């Protein structure tokens, strides 16, 4: 959780896809949309290659005004823990939620409360026993307001 | 701490009284008021039934414009731990403080830094040994600004 | 981390220098400045006496409009742990980073998102084994925006 936000906040955008499994899913949606059962979100990547592409585009296409984020996240609530026995090795899993607040700073120093909401995460521990690391199988970013959708360049 | 804020932020207001003991005390006040020794606060419930009533009213009376909260809380500082031996079973107690920031989102997506401040809590662990859960005997919400008082519908 | 922010947020400014070692270093700078390699920051104290002086001035000189801060900090990321063997007793050390958000409240209740950024800390554990406490050898406050520099009275 903490490594993810520092990677984004310090502009190490290339590290962002590495927090996900290869078939990892990243979606930004609004709480109203979600409550109404609308599938369409503001941003969707349904595997890690799409995330790599997105960061590549972000670095190449400079039509957006430079800005940075700062996330402050609250404590993580573990909703459920489990075991995934589908692969060669059984792996621990967890479903968690974490409140976030993201402030955007423009190049001229102007700051704005950009987005608040909740990360709803599906996590799996990958790697050899003792050396396993948590990876996101799915991160759903549920923003409290839809007003960010046209401004979303950097992932939240 | 984390369960409390998610219950409110996700609109599960009926869960709010369940975080308190039966004779639990909830008060919202301003830091200026508190510094001057003024007892009157912006909101006071001095037992759990009053909290249940408050949520009941909130659900029935729809004169307020729909909105939601998002809390981001910092780490909790434990100020004191103790033991309450007044009942049949001795129970652990704790006094803690936790900084909070609460953002309000209106139905149209407009967001506002609604309140910041500090939770000053008196906690007791209730239930059988090994299965005991922390409950609030008292939560004093000390808001940094008094400007929220006329807008306070949902508990902070 | 949590004690530091409560000391400042509750106005116990005299406690602020006590979080540092005697030769402790405190600096507030902007991320742009840092990225460009500019050494000059918005505020610099390079030992604890300078911090004590700063708080003394803050208490005496009342030309500033009274205000308070509220910090919400995220979880702390430990970047490196080590051992300092330069003194009589070997001491544990740590380098950490912690995101912060600081809201300023004026005397009339007006609130403003004052500063966001990152604490980059160099910590050493001082005192007898078992009774040692973490002290800041260096805290660099890297603010996301430079727009606070003329307003910085209370340390962040």
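A, B and C label the chains in the order they appear, each numbered from 1.
In this section, a residue touches a chain if its C-beta (ideal position, glycine included) is under 8 Å from a C-beta of that chain, and two chains touch if they have at least 3 such contacts.
Keep in mind it's a predicted model, so treat the numbers as computed, not measured.
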After a C-alpha superposition of chain A on chain C, what does the rotation angle come to, in degrees rounded to the nearest 5? 120
Over half of interface residue numbers shared between chain B and chain C means same, under half means different, so which is it? different
Chain B-chain C separation of Cα centroids, rounded to whole Å: 29
Among the residues of chain A, pick out those that touch two or more other chains and give their numbers. 72-75, 101, 113
Residues of chain A defined as touching chain B within the complex: 31, 72-77, 97, 99-101, 113, 116-118, 144-147
Complex contact set, residues of chain B against chain A: 1-3, 5-6, 9-10, 68, 70-75, 101, 103, 105, 109-111, 113
